[in-house]
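Listed after this line are the structures, all set down as structure tokens.
Two complexes come next, and they have one chain in common, subunit A, joined by subunit B in the first and subunit C in the second.
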Partner chain A sequence: MAGWLEQNTLLLGLALLDGLAYAALVFMVAVGLNLVFGVLRIINIAHGSLFAIGAYTAASLGLFFAARGLPPWAGYVALVLAAALVGGILGPVIEAGLLRRIYGHEQVLQLLVTFALFMILEDAQKLIWGVQPVSSDAPLRLLGTVDVPFGEDVVPFTAYQLFVLPGVALATLAGLAWFLRRTLTGRVIVAVTTDREAATAMGIDARRVFLLTFTFGAGLAALGGALASPTTTLVPGIGAATIVLSFAVVATAGLGQIEGAAISALLIGIGRSAAVYLAPEFEVVVPYLIMVAVLLVRPQGLFGVVETRRV
Partner chain B sequence: MRRGTEATLALLAAAGLLAAAWAAPWLKFVLTIALAKGIAVLGILLLLRAGQVSFGHALFLASGAYAVAFLAPAAPEALLLLPAAALLAGLLGLVVGLFVVRYRDIFFGMLNLAISMVLYSLLEKLYELTRGTDGIRVEPPRVAGFALTLETYVWAMLVLALVLAVGFGAFVRAYLGSPMGQALAGIKTRETRLEFMGVSARRVLLAAYVLSAVMGGVAGAIVGMTTRHVTPLLAYWTSSGELVFIAILGGAGGALGPFLGAAAYELVRVYAAASFADAWQAILGTVLLLVILFAPGGLWGVISGLLGRRAGRAA
Partner chain C sequence: MSTPTPLTRRSALAVAAGAVSGSLLWPGSGRAQAQKPAELKVGITTFLSGPASVFGVPAKQTAEMLFDEINQAGGIGGVPVRALFVDEAPGTDHLVGEFRRLVQNEGVQVMFASISSGSCLACTPLSDELRKTTILWDCGTQRIFEEGRHPFAFRTQGYATPEVLAPLLYLLKTKPDFRTLAVINQDYAWGRDSWEIWKTAMDALKPGVRVVAELFPRLGAPDFSTEITRLLAARPDVIFSTFWGGDLVTLVRQAAERRLFERSTFVLPVAEASMQILGRTMPAGHIIGTRGDHWNNHPRPKDPARLARFVENYRRRFNEYPIYPCHHMYQAISAMQAAYAKAIAAKGGGWPNDQELAAAFRGLEFPTPTSTITLREDGQGLEDQIVGVSTFTERFPFAVPKDMIVFPAAMVSTPVGQKSVDWLKTLKPDLLAQVPAPIAG
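Moving on to the complex of A and B:
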């Protein structure tokens, strides 16, 4: 074992650092999905589409800024602006226009409404951005690379993947924890999550909280997409792939858990990167295997709370 | 609805379907696929009765289709391939079912999704075995020992699918009326009370799950033999979503709903794809939203509502 570890330091190190960047992105999407589920009790299948639209918007804005001759750092403005635009416009439109009509419905129908939304948004992406790959990696190139030593080998990593992605994810986690626990709006959201009826009886406007939470969750998905856009080439279908992955993270963590989502994102992110280097055929399977393994032992997820059964 | 009325409607629908296929030959392919998907959706219907929605049943459809693709060279006989695919899907359903029946609601739906994605990735990545995204071509097998011309083969597939659809439809109708079916409805309303009566909710759900897997396998076998080309896309989670879509579109009330839904779905899809190549998904999505918001009983709910009103007036 020790010998194997020594021989594979390079591989393991690569997997760890790649996995960290990957986990950061997955966390951004999963935490939004989880927050929305906690408050609205709806798993939003179209959440992955918001990620994709955020990514495309960021790429388009970045290319537009570059064409206008703006300095390269404007690329970062494009990322944030894209997330704010997508979350701020699509979030309220979807919540107030569609989801609000189905809060009392069966869970099956709620799932299907967001599935229908997913189908519509997938085609909307193809109509707006076409099916040709889109890529805008200015923010990635601007920061250059860092040489990371692994024993005798030195591997260049982009500073963007090494520092920006994990940094933003950590800041999101800390900001969210502070927001939910220390601010009035945050505590109102927690109150509605814990007991909607009691919260409403205390005079909390649940409609406002739902709107706010969904918009915020949509913004997080879009920000995840925007941050991912410089690291990859955008093609149709990234939304569909993202939603299943972020659900795996959420289920592994336990529904409604914020810090748990960070830990399971790390677990799944690093597990997947390890598979990329060690057993590439199983790269896509690993997140689900981790999830199934966790749920076999703890059906409510790593940090989930067991719900009392109705009699 | 009375049993006689439903049987009459089913017979009328079957006759209408054959007439349509005879009048417009290109419809045969679309209708065979619609019947196959209807059979898979019957299985979804069983689970919906328990209030559970599987977002991963394409797993069983795909395994049935791939079973045909793998076995066809060795046993080129449709009447052997069908039961083999059903058996394989049923066994897979038993293994997966033992795991997923411990979960409810969102977890049930999404665990199914995750497991179907495992199969999807394996089908895609194990190129040596499955030829990856290229998929596998299926040579038309013999039917009851006869090697058919392409024209008769297409007819044979349609008739085979129709017979199986009627058979499974009648079976599901009887099953839902049986104590096992009643217990399924009990899982939806109050599971704990079911267990107070000494009925194991997990076993009730597992039985329904295995049956639904078998129906998925049969559907997959028909799809494989009809399209004569199987790809991993059959197992992708959006294909599972499509099956749930059809269930809601048709209406989860009766055994005719899935076939009504499947026919409507496939026809809208063919027309939408021909007229608006890049927007057919969006069109289907809009249809689904309209059905959920304005006709929650689905097409079958609309039709039986109309029939019921007429019967009420006649009485």
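Moving on to the complex of A and C:
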């Protein structure tokens, strides 16, 4: 074992760097999904579509800025602007126009409604952006690459992958924790989540809290998509692929858990990367094997609390 | 258990009319004297959604454009053609149901199936059962005609074996000194099958190459950073990948950004369809293929005016260059036109029934924008393969091949009656002496 570790330490170090970046992207999507479930108690299948639309919008804005001759750093403005636009417009429209009508209904109905929305948004993407791959990587190119030592060799990583993705994910995690625990609005959200009736009786407008939370969750999904857009290529179906993995993260963490989402995203991200190095044939199933292993031991997820709602 | 197919009023009348005329007394209604229909309905299965719609939608556009052109010129045998499209994305169960519906309820005369090899494997037995001419217009699996006989199925383009063997021969001819190789293919039938074809042929033609990584990420994965890191660390001389669509675009962009193209020579047999999207991001100097011979800069197309007309008409209508699925659709439609012309002529101007139409396909020669394709006795089309090295010219804003080698289809196709893997094992290194020289420039 010691010999094996000695031989593979360098490779595992590389896997760790890859796993961190991957975990960061997965976390950004899963945390929004988890937040929405924690407060609204709705499993939003269309969350993947918000990710995809955020990514497409960011790429379109980035290409538009580049065509207008704006400097490459404007690509970063495009990422944030895309998340704000998608979250700020689609979030309230979906919550007020659709979800508000199905709160308290059976979960099967809620799943069907959000799945229908997912299908509609998938087709809307094809109508707007077509089916050919779309990409805009100005933010990634701007920062260039960093040579990571690997024995006597070096392995280039993009600085975006090494620093920006984990940095934004950490900032999001810290910001969310601070917002929910230290601000009045955050505490109101936690109160509604914990006991909606009592919170309403004390004068809290639960409808407003739901609207705010869903908008915020939609914005997080769109930000995840926007952050992913410089690293990947956008094609039809990208939302579906994302939502499946996000569910694995959320189920591993425990529904409604934010810090848990970060830990399980890390587990799944690093586990998947390690599989690429050590047993590539298991790469695809590793996230789900981790999920199954966790749920076998703790059916409520790593950090889930039985019969207690938490944000 | 199957559900009986409901009879439409029209089909009920047709059955009644057939019974009255006595044609139903003969086994197989297809032997009846066929009447010239009011329109020629063609069922086309293609991807209209999901990641493979990057191929399916351009192919659909091509079919619509060419059918418009055919109808403006008077149709086929004086009969206007109409396409009925089916999305392959929902899966084979849905596809098989739609295939039956189109043939039995809609009265489709010819079926075009499909992009996915899985779809073709599901649809081809239906062509046997329903005795309906089915053109396999894009799928590549070698299993179709190697594992069974399908008298009503015809593939109007090449298939996996020549599409993988030709790039390997190109590599062995132009860069024979490589010692190590890695593969990164998508984790599904095409990715696994194409690797088996490559590995089997490589072991026969150049034994001793060390495979340093075998990576099969999920189809449609948004990120290949980890795989690229591993390839950077392994430093193979050659990286073989049959990635396509958005996956290939992502792989090339991520690999180019991290200078993997500077360390290893890539061999990308399905590159052509992604070159427009990649533009200048595609590095020069790597081996690229197009699942056939239909490059925009084909060095000597058989009919340059036909190629230019097709490309220009497509560009004018859809504002992009046609990619290989567009050419494959063109080939299928061209084959259908040629087969109907042959069958109608053989019948002295009469409209062919299903058997007569299928008979016309056997041994058929039909023109494409770049060459002539012949259908073998097993139904497989013989399409030349052109492989070259990525480069940039003033004519196109994206990479095209230079130093192209035109591989004659018969040289790289498994002979009739043999299985590809068995045949590939018999290849000898002296095959390389038969490979034509690259066409300079």
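Definition applied: the second predicted complex is superposed on the first by the 304 of 311 C-alpha atoms of A that agree within 3 Å, B and C clash if a C-alpha of one lies under 4 Å from a C-alpha of the other, contacts with A are read in each partner's own complex, and residues count from 1 in each chain.
Just so we're on the same page, a residue touches a chain if its C-beta (ideal position, glycine included) is under 8 Å from a C-beta of that chain, and two chains touch if they have at least 3 such contacts.
These figures come from a predicted structure and were not determined experimentally.
J.: Aligned on subunit A, subunit B and subunit C: do they clash or fit?
T.: clash
J.: Based on the superposed arrangement, let me know which partner A:Leu170 touches: subunit B (first), subunit C (second), both, or neither?
T.: Once the two structures are laid over each other on A, A:Leu170 reaches no partner at all.
J.: Let me test your reading of the model: by the given contact rule, A:Met202 touches which partner, first (subunit B), second (subunit C), both or neither?
T.: In the superposition, A:Met202 touches no partner, neither subunit B nor subunit C.
J.: Given the touch rule stated above, what does A:Ile89 touch, subunit B (first), subunit C (second), both, or neither?
T.: After superposition on chain A, A:Ile89 lies in contact with neither partner.
J.: Going by the contact rule set out at the top, does A:Glu122 touch subunit B (first), subunit C (second), both, or neither?
T.: both
J.: Which of the two partners, first being subunit B and second being subunit C, lies in contact with A:Val155: first, second, both, or neither?
T.: In the superposition, A:Val155 touches subunit C alone.
J.: Would you check which partner chain A:Phe247 touches, where first means subunit B only, second means subunit C only, and both and neither mean what they say?
T.: first
J.: Between subunit B (first) and subunit C (second), which does A:Glu281 come into contact with in this model arrangement: first, second, both, or neither?
T.: The answer is both, since A:Glu281 touches subunit B and subunit C.
J.: On the A-aligned overlay, A:Ala293 touches which partner chain: subunit B = first, subunit C = second, or both, or neither?
T.: neither
J.: In the superposed arrangement, which partner chain does A:Ser273 touch: subunit B (first), subunit C (second), both, or neither?
T.: In the superposition, A:Ser273 contacts subunit C only.
J.: Would you find which stretch of subunit C runs into subunit B in the superposed arrangement, from 26-34, 62-70, 116-124 or 242-250?
T.: With chain A aligned, subunit C clashes with subunit B through residues 116-124.
J.: Between subunit B and subunit C, which residues of subunit A are contacted by each of them?
T.: Overlap of subunit B and subunit C footprints on subunit A: residues 122-123, 126, 281, 283-284.
J.: Which positions of subunit A touch subunit C when the two form their complex?
T.: Residues 10-11, 14-15, 17-19, 21-22, 25, 122-123, 126, 130-133, 135, 137, 140-141, 145, 150, 153, 155-158, 161, 228, 231-238, 241-242, 272-273, 276-277, 280-281, 283-284 of subunit A touch subunit C in their complex.
J.: Inside the complex, what are the residues of subunit C that reach subunit A?
T.: Per the touch definition, subunit C meets subunit A at residues 49-51, 53-54, 56-57, 187, 213-218, 220-223, 225-227, 229-230, 232-233, 235, 245-247, 249-250, 253-254, 257-259, 274, 277, 320.
J.: State the interface residues of subunit B toward subunit A in the complex, per the touch definition above.
T.: Touch residues, subunit B against subunit A: 48, 51, 53, 55, 99, 102-103, 105-107, 109-111, 113-115, 117-118, 121-122, 124-126, 190-193, 236-238, 241, 244-245, 248, 278-282, 284-286, 288-289, 292-293, 296.
J.: Where on subunit A does subunit B make contact in their complex?
T.: 37, 43, 45, 98, 101-102, 105-109, 111-113, 115-120, 122-124, 126-127, 240, 244, 247-248, 251, 255, 281-285, 288-289, 291-292, 295-296, 299, 309-311
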